[in-house]
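In what follows, chain A forms one complex with chain B and a second complex with chain C.
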Partner chain A sequence: MSTDTGHKCFIEVAAQPALVRVTLRGDATMDAAELVRGALADAHARATAAPAREVVVDFSQLEFMSSICLKTVLTWLGTVESLDPGRRYGVRLISNPSIPWQKRSIHALASFAPGLLTVDET
Partner chain B sequence: MSHVSSNAPSNAGAPVPSFELRFRPSVDLISIVRRFVAEFYLRVMDDDDAASRLALATHELLENAAKYSTDGEAALFVQVDTGTGTVDVRTTNRSTPAQLARLRRCFDEITSASDAAALYAEMLRRSALLATGSGGLGLARIWAESEMAIRLVVEGERVEIHAQGSIATRGDS
Partner chain C sequence: MNAPPPPRGRLASLEARLMAVTSVVLVLASTTLFLRLAARERSNLIAAKASAATMVIELLATELAAAIDFGDADDVSARLNALRANPDIVSAAVWPNSNEPPTASWSAPDAPALSAPLPRDGDGTTSTPGWLIATKTVVGPRGASLARVRVAFTLRGENEAYRKNRLQLFWMTAGLTAATAILLGALARRYVTGPLRGLAEAASALADGDLTARVDIRSADEIGDLARAFNVMGKAVAFRQERLEREVELAQRIQTSILPRQPSVPGLSCAATMIPTAEVGGDYYDFLPVEGGCWIGIGDVSGHGLDAGLMMLMTQSIVASLVAKEPAASPRDVVCVLNEVLFDNIRNRLRRDDHATLTLLRYDRGGRVVFAGAHEEIIVYRAAQGTCETIATPGTWVGGRRDIRRGTVESSFQLGPGDVMLLHTDGATEIRNGHGEEFGIERLGAELQRSHDRPAAEIVENLVFAVGGWGTVEDDVTLLVFKCEGSS
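Right after this comes the complex of A and B.
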């Protein structure tokens, strides 16, 4: 699945062997919340059906994320945590330390799901 | 969108970089304004991280104003006082009694909390369970991530939210 809201927010979900990759680019703001939710739901469905070992969420070109989209990511992480251990997949988030907001917000996300989420920097 | 710029005198008498925007904040416009204010902060403060924190606060306040404005209009005021080392970001909009009540409850919780990080962590956990909305997560994010104090002023149906913080400016060593 690939969704583009003009120049603002681009979201792509791609299945690869043993993993699903979600790429977000641009601005994930209030108008993109439903797109983000849909993309994460799609990734979740693919990851549990395959089943996949891991979902990679690529924020390396995500210029900004507002709290409503942050909340959408949290809800998805909560859903993954609630899966039976045998069905649960890992989540790896790729961040870009040169985008200043990511340092603090991704720390907050990692604190929310410490056993589930790992963070790699580009 | 109308754009009113001003150079109000600071306590020390020198002009204070500031501006005010009055507009109908569509989601597209909010991102444009965030980029504009980030550039403004950067020119005044020469600090990428501080400019990013202030831009984040500005964006969250504007999304809040856009979501809840009853007439679709909002105002943004930004002032960076290099003399006192303070920045004040505030949004103004008209809101419904129900939304005002929600805002008051949210501010009561924030102002009674002693630790920004602990409150933010709690709001992250709580917001994850909400079917709609984010339950004040944006305001907690401003306090915790932007490191700015927030304040609510209500006059009738007019809502004003202030985010205030300390800054290092170009003159600081």
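Right after this comes the complex of A and C.
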């Protein structure tokens, strides 16, 4: 699935062997919250149906993320944590620290789910 | 903001489609009508000619009966030749009853060659596109058949008249069709597309914020029903908008009235501003003077609206209570307890999933600043070096998890005489110019460095001017400046 929001935010969800990859590009402004929510729900459905070992969320080309979209990511992380241990999958964030919002927020985000979430920096 | 209309093709508008369909139906109907009328016109012309031809040939047959009965061939020829005077007659011939050559005949140039009528051919007329041929049996005085006569009439005059009439008929039909199409188009515009266009314009105006947009359509048909439904909807939208604006106004009052006024901390000159956006934002800041220093809080609740304002109010109350109970508390402990209370209120009572960035700082009179909680980086202008440094605020956000002790750390730094500390929310750094470029923390630091020697209130004014001049404010902007008194 891929979604283009007027060339501002591009989201792609792709299932690969044993993992689901969510790639975000552009600016995830307040308007993109529903799209982010939809993409993460799609990734969650694919990861639990497959089942996948890991969901990779690639933020490395995402220039901006609003607090509403960040909240959506947090809610999704809470959903993953609440799964039975047998169905729970890992989450790996790929971040680009040269982008200001990621420098400020990714580690705070990661600290929300320390046993679940890892961060790779490009 | 309205979504742009989809690209419209030539026949995308209802009016154009109605006109196209009506025109096609009218053209088909008028063509059928034209063909039928034209056929009837030709049929009438030929019928009139046939009637005249019958009269002529019956008269001729009567005249020939006596001549044939007496065997006077010259009289037969003479009577047949007398027909030449009639310009409509182009040939004539008389045959005896048996299959023999005609006893008399004549034919004009270009006239059809007349063939002898067969026994099965009855009396009467037949027509071809150019000719009308009349056939008659010549009957003697005793009722016996003496001969058969045939006369060919030209249809040139009828065909000419038919062509003229057909042209007139064509223009009449075309004119009638065009007039009907124009009339139907005008009726469709008046009763269908016009009112629909009015409704679309009113809907656009309503979407653009004109809450008084209504339509004046009083017809009793379905479009009238639609117009009345639109007007009812418009009133409902206006009512809800007004109620929402009242709620937003109330929330803004809550948000701004809880902000500290004229903060005063010994040894520290302070100034702050918050520029809220049209909706209620979630920015929070507070100064809480305590014995030996003060507590400073700054944060940003995820999202906007009443819930964000409510969460900000809760944060302020919890921090104020905890600090009042223990002024020398560890900022990390305060943040962690605050988080537990917020988490319970947000998740279990409000049933929301909000969170907030928050950094709590405890300033001690000697210049030491101890802080905890994740928010934006702190910018400090160092008077001794004449440069700005940024200090990260590591940790985690509040309200999202019950226990954040593991991710919450406490850090500290020292402020010296003349140093200026700037706290801000992301609205100040994420504001974008026309090229989509963020103002950024580097520019904010540079502006602080440029105005560090002014009073705290002027520094804030300068920063607001710089940030506001960069682009359109789309998120709350909060700026707090603390300047250590004395000089390096």
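Going forward, the second predicted complex is superposed on the first by the 122 of 122 C-alpha atoms of A that agree within 3 Å, B and C clash if a C-alpha of one lies under 4 Å from a C-alpha of the other, contacts with A are read in each partner's own complex, and residues count from 1 in each chain.
Criterion: a residue touches a chain if its C-beta (ideal position, glycine included) is under 8 Å from a C-beta of that chain, and two chains touch if they have at least 3 such contacts.
Remember, it's a predicted structure, so these values are computed and weren't measured experimentally.
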item	value
Partner chain in contact with A:A47 - chain B first, chain C second, else both or neither	neither
First (chain B), second (chain C), both or neither touched by A:G78	both
First, second, both or neither for A:P100, with chain B first and chain C second	both
Touched partner set for A:P114, first chain B, second chain C, both or neither	second
Partner chain(s) touched by A:L70 [first = chain B, second = chain C, both, neither]	both
Partner chain in contact with A:D31 - chain B first, chain C second, else both or neither	first
Partner, of chain C and chain B, that touches more residues belonging to chain A	B
Overlap of chain C and chain B interfaces on chain A (superposed complexes)	64, 67-68, 70-71, 74-75, 78, 100-101, 104, 108, 111-112
Complex contacts: residues of chain A adjacent to chain B	8, 27, 29-31, 64, 66-68, 70-71, 74-75, 77-78, 100-101, 104-105, 108, 111-112
Complex interface listing, chain C residues touching chain A	282, 300-303, 353-355, 357, 374, 376-377, 394-397, 400-401, 404, 406-407, 426, 429-430, 438, 440-441
Parts of chain A lying in touch with chain C, wherever the complex brings them together	64, 67-68, 70-71, 74-75, 78, 100-101, 104, 107-108, 111-112, 114
Residues of chain B touching chain A in the complex	27-28, 30-31, 34, 48-49, 51-53, 55-56, 59-60, 63, 66-67, 120-121, 124-125, 127-130, 133-134, 137-138, 141, 144-145
